[in-house]
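So, here's a batch of structures to check.
Here chain A shows up in two complexes: once beside chain B, once beside chain C.
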Partner chain A sequence: MDMGILAQHLFNGLMLGMVYAMIAVGFSLFFGVLDVIKFSHGDVVSVGAFAALGGASAIGLLVDMPGLSLLFGLLAAIAVGGLAGVVIGGTLVLPLRNAPPVNVLLVTLMAGTILREAIRLGVPNGGNPKPFPVLLPQWQITAGSFSIGFDSVLILIAGIGIILATHLLITRTRIGLAIRAVAQDVDVARLAGIDFRRTVLGTFALGSALASVAGLMLGLYYREVNFSMGLVLGVIGFAAAVVGGLGSLLGPILGGFLFAFVQTLVTIVLPTASAYKDVVAFGVVIALIGLFPTGLIAERSSERV
Partner chain B sequence: MKLKALALALAGLAGLATVGLQVAQAKDTVKIAFIGPLTGGSAAAGVGGRNSALLAVQQRNADPAAKYTYDLVVLDDECKPNVGVQVATKAASDRAITAGITHYCSAVGIATVDTYAKFKLPVVVWGAILPEITYGNDYKQIHRVNGTMINEGRLAAKFLTEQGAKTFVVIHDTTDYGKGQNKYFSEFLKPTGGEIVATFPVSPDQQDFTAELTRIKELKPDYVFVGGLTPLGVRVRSQMDRLGIDAHMAGVSGIMTSGFIEGAAQSSEGTVSFHNGAPLSRYASGQAFSDAYAKAGFREDPDAYGPFAYSAANLIMDAVEKVGPDRAKITEVLNGTKGYKALVGEINFDNHRQNIVDANVYVVQDGKWVYWPDSDYGTGKRKLAGK
Partner chain C sequence: MSTGEIPGPRQLSVKAVSSGYDRADVLKQVSIEVVPGAVTCILGANGAGKSTLIRTVLGLNRVRTGEVRFGETVLNDMPTHKIVALGIGVIPEGNRVLPRMSVVENLQVGGLLQSDTRKVAARMEEMFAIFPRLKERRSQLAGTLSGGERSMLSIARGLMTEPELVVIDEPSLGLSPLFVSEVFNIVRRLKESGMTILLVEQNVRQTLDVADHGYVLLQGRVVASGTTAALREDTELHRAYFGVH
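Moving on to the complex of A and B:
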């Protein structure tokens, strides 16, 4: 295999891994502060993608400025995604905090279905895939057999930047400190004067906005969004978070890239069996969970976000 | 006295009018079912088919020579096999329904054949192209006016090799539809000397094809052949551009929709597809159909299979006119259809009650699907981009 093709595969894998990581980080954040699994997380990705589509299209109707459309799309995704996180966290998850964890899991699973159906039925012709407007420059970077869109590079850099920024937010700021304090011990954090409810809702807004922006990036990358796009992504994100280590920040990122790496590898090595790439990737997840029950990066309470 | 005479005359007129009305009412009403996907991803095709069948019924009801009044019972199969079987059972078990114009989606078409056979309801399939719907059974009730993927696959293999293509990569979805398309295309490609260098079976809702396409980039085929529906076609087409793959793309009739052009935008230019329907302008009475369709005020396009639904409706109504609303007799008349002049050309059923049709080649030119011989690519004015 020549270097160009190898580089191409590597880039594809990085791109997928970055999206998985952004979703997985949310799962880990929620688990960190509340010990809950929020299963509507994947559908927040679709909600974000459609919010971005709405925001960008609305501006696109008024003025033909892709940059402005992108900005509004991004703002819409962050706002709607964050709001969805706060609403789900505040009305469904927090009140059930002392109920068995399976209740939260079920309730959020249903909330996800409601979000998904709301897009399908609420958006005009929502059952069909929607073309996403082209908002980034369409230059092509070619070097031998290696060829990528300039927009893909921008999306990848932005994604990595966002993940880094989240890391800094958690480790270097007062909000991050509050989140880490709540994650470590709720009662002590309260005694220290941390507003528990606000911190938890803030975490939900942060995690959901991340997923929502991932939705926007998927739209920009694939130039298409559809109402059920988040379903599989949610499961993959969750699997990546568990494999990497629920509760840590680095674990889910590692898990996301690992999952993408396995998927890409299957397609390269076994082209005729490429329909089974998800089967193989989830098989690897099962094996890894068996080998490392607490995740690749085991959660130590001090490290928990 | 004058007043009385006037009253009498009026009464006489009224009486005449009533008699006239009774003559009109004396026509029995015959119910025919139309079943297709009216909601969901394939709704555009379903609604186009429904409108076309409705147009045929309206035209017949306006014809004073018709012996019956026709009533189209419209049912939605949602392109889902389970829903399809439900509505098929509903239509077939209703003795007032004499015949059916049924199904666009192959998965639904194949799921319902047993139901129609069991209830002995004669149906004419208007859009589903899976060969097994007619060839996989020997039910006298199942007829089909449109062609199958066998015709499409045969033409695709012949046309593409004639264009000088030698190496192919197939990406197909793992449903019956995609698998069938792959099977027939590969079969017909073998004798032409064309070679399939790789086949990628994929899930119909897979979003990312960059891994498969990077592998394809390495294999450098002349053509990427897509056996799937519009969403798959859109994703493969636009991601091919993203990775700078200079192979051409050809797809089965499932991608020949306006949704494909809308989704793939400028990437769609030069994509080739194969479809059983010819453009309306190619049919002898195509213009008359277009005019009548426009006059009837339908909001949606007839779509590619509308003319088939229209022809199926007329075929059934002509059978009813001949032998009356009797399921068994209509089945017999439909079975023996030979040389029937329809909008879509002559209808001849073979021994599996399958109409014999030729497929046609289309290409995307300036944001529209154009009949290949009429296109700038077909006439040699332009060359397909890529190698």
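Moving on to the complex of A and C:
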């Protein structure tokens, strides 16, 4: 295979891995503090993408400054996505804390459907894919037959920066200390003066904002968003979190990149069968779960969030 | 017993409190007072309601009827994190530590109410002076500590905020006899430093040795109370433990 195309595939794989990791971290954070799986998480990716589209387009109508549009798109994604997380966490998940976990699964699955349908029906012509505005400089970096957009490199660097920042927030700050304390022993955390409700809602805001920004990044990278884009991403993020080790921070990041790596490998090795890349990747997930039932990074040995 | 005249300290009082789980009351009309500057103990066999009493005082269980006060503040319906922020340190039952955090991080969690990180660091050094073993293991994950070390860590974490009142819930639970004596020595030292202590225990003899006042719980009711000297002679205490079979 041509080296340029190979490099292109690998770059694309890294980008996808980063997006998966950003979504998977949320699943792991929520599971950490409340022992729940929030199935509306994937649809928060779409919410973030459309919030960013709305914010950026609104500014675009006023002034022709892509940088400003991007900033507003980012702020809109963080604010709307974070708010969606807090509202779902505060009104649907926390009140069901003592109910069977299946109830939380059902309720958040329904909440995800509501988010998805709200976009489809609430956005003009929301049922069709929407073009995402070009907000980053369109320079090309060329090396032999390999050519890559400068914007894609920026997105990748930003994503890695965000994941590192999240890691530092969880491991090095007072907020992170409180989140980890709640994850490990709720009663001990409360008796140490930690506000349980605020910590849980803060965790939901953080995880949802991450997924939301992932939606913005996908919009920037593919220049297109659609109302159901979060559906498969949610399943992939969940799979990545479980394979990596639900409850840990490093595990879901590892799981996200692993999933993207398998997809990319299929595309490179079997170009004719690249349509089956998701099938193969999910097959690998099933095999890994069989081999490592508690995830690649087992909760016991690693630092649970 | 004559330390009531220390200026300013707040008294924890529980007045005719009932509480429990689901619909059943575990505590029935319980009243206790924790005298400032002294050690007050709650004795009782397994299932007598000791833990429910502590959970109710700390807001982990709801007060159904009656009133819990700390000084002038009514604690009924106050969330746990606000109750402890009043100056109450808690050493929970069973030497509970945060297993996947280091010793230092456990102590930092104990100091989260203190926003000045230099004060937290200084207080941590004081704790390391009292518990040199913890200093040796400072970067070790708490889940890998021995039972005795965990108990020390749990105590040190509860003292991080320099609380006015310390609630110690069954510190000897699950410890070897050697460590039980060690724990009671620590309680004695805290008492000598003038701290107000509410000690909940099953271990009657050593608890009565260190406490000034006590209450005996039986099936959710206070069946005996008074100075520890008086309690030693009380037949209710023996009945509460050995029952009438």
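Everything that follows uses one rule, which is that the second predicted complex is superposed on the first by the 297 of 305 C-alpha atoms of A that agree within 3 Å, B and C clash if a C-alpha of one lies under 4 Å from a C-alpha of the other, contacts with A are read in each partner's own complex, and residues count from 1 in each chain.
Assume a contact is a pair of C-beta atoms (placed from the backbone, for glycine too) under 8 Å apart; a residue touches a chain by one contact, two chains touch by 3 or more.
All figures in this text were calculated on a predicted structure; none of them were measured in a lab.
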(Q) With both complexes overlaid on chain A, does A:224 touch chain B (first), chain C (second), both or neither? (A) first
Q: Compare chain B and chain C by how many residues of chain A each one touches, and report the one with more.
A: B
Q: Using the touch definition from the top, say if A:187 reaches chain B (first), chain C (second), both or neither.
A: second
(Q) Just to be sure I read the superposition right, which of the two partners does A:178 touch: chain B = first, chain C = second, or both, or neither? (A) second
Q. So, does A:113 touch the first partner chain B, the second partner chain C, both, or neither?
A. neither
Q) Can A:103 be said to touch chain B (first), chain C (second), both, or neither? A) neither
Q | Touched partner set for A:195, first chain B, second chain C, both or neither | A | second
Q. Touch check for A:145: first (chain B), second (chain C), both, or neither?
A. first
(Q) With touch defined as at the start, can you tell me which chain A residues reach chain C in the complex? (A) 174, 177-178, 180-181, 184-185, 187-197, 299-300, 302-304
Q) Which of the residues in chain C come into contact with chain A in the complex? A) 58, 60, 79-81, 84-85, 90, 92, 96-101, 105, 108-110, 112-113, 157-158, 161
**Q.** Complex interface listing, chain B residues touching chain A
**A.** 39-41, 43, 174, 198-203, 205, 207-208, 210-212, 214-215, 217-218, 230-231, 234-235, 238-239, 242-244, 259, 262-263, 265
(Q) Looking at the complex, which residues from chain A come into contact with chain B? (A) 1-2, 5, 8-9, 12-13, 15-16, 127-129, 131, 134, 140, 142, 145, 147-149, 152, 218, 222-224, 226, 228-229, 232, 263-264, 267-268, 271-272, 274-275, 277-278
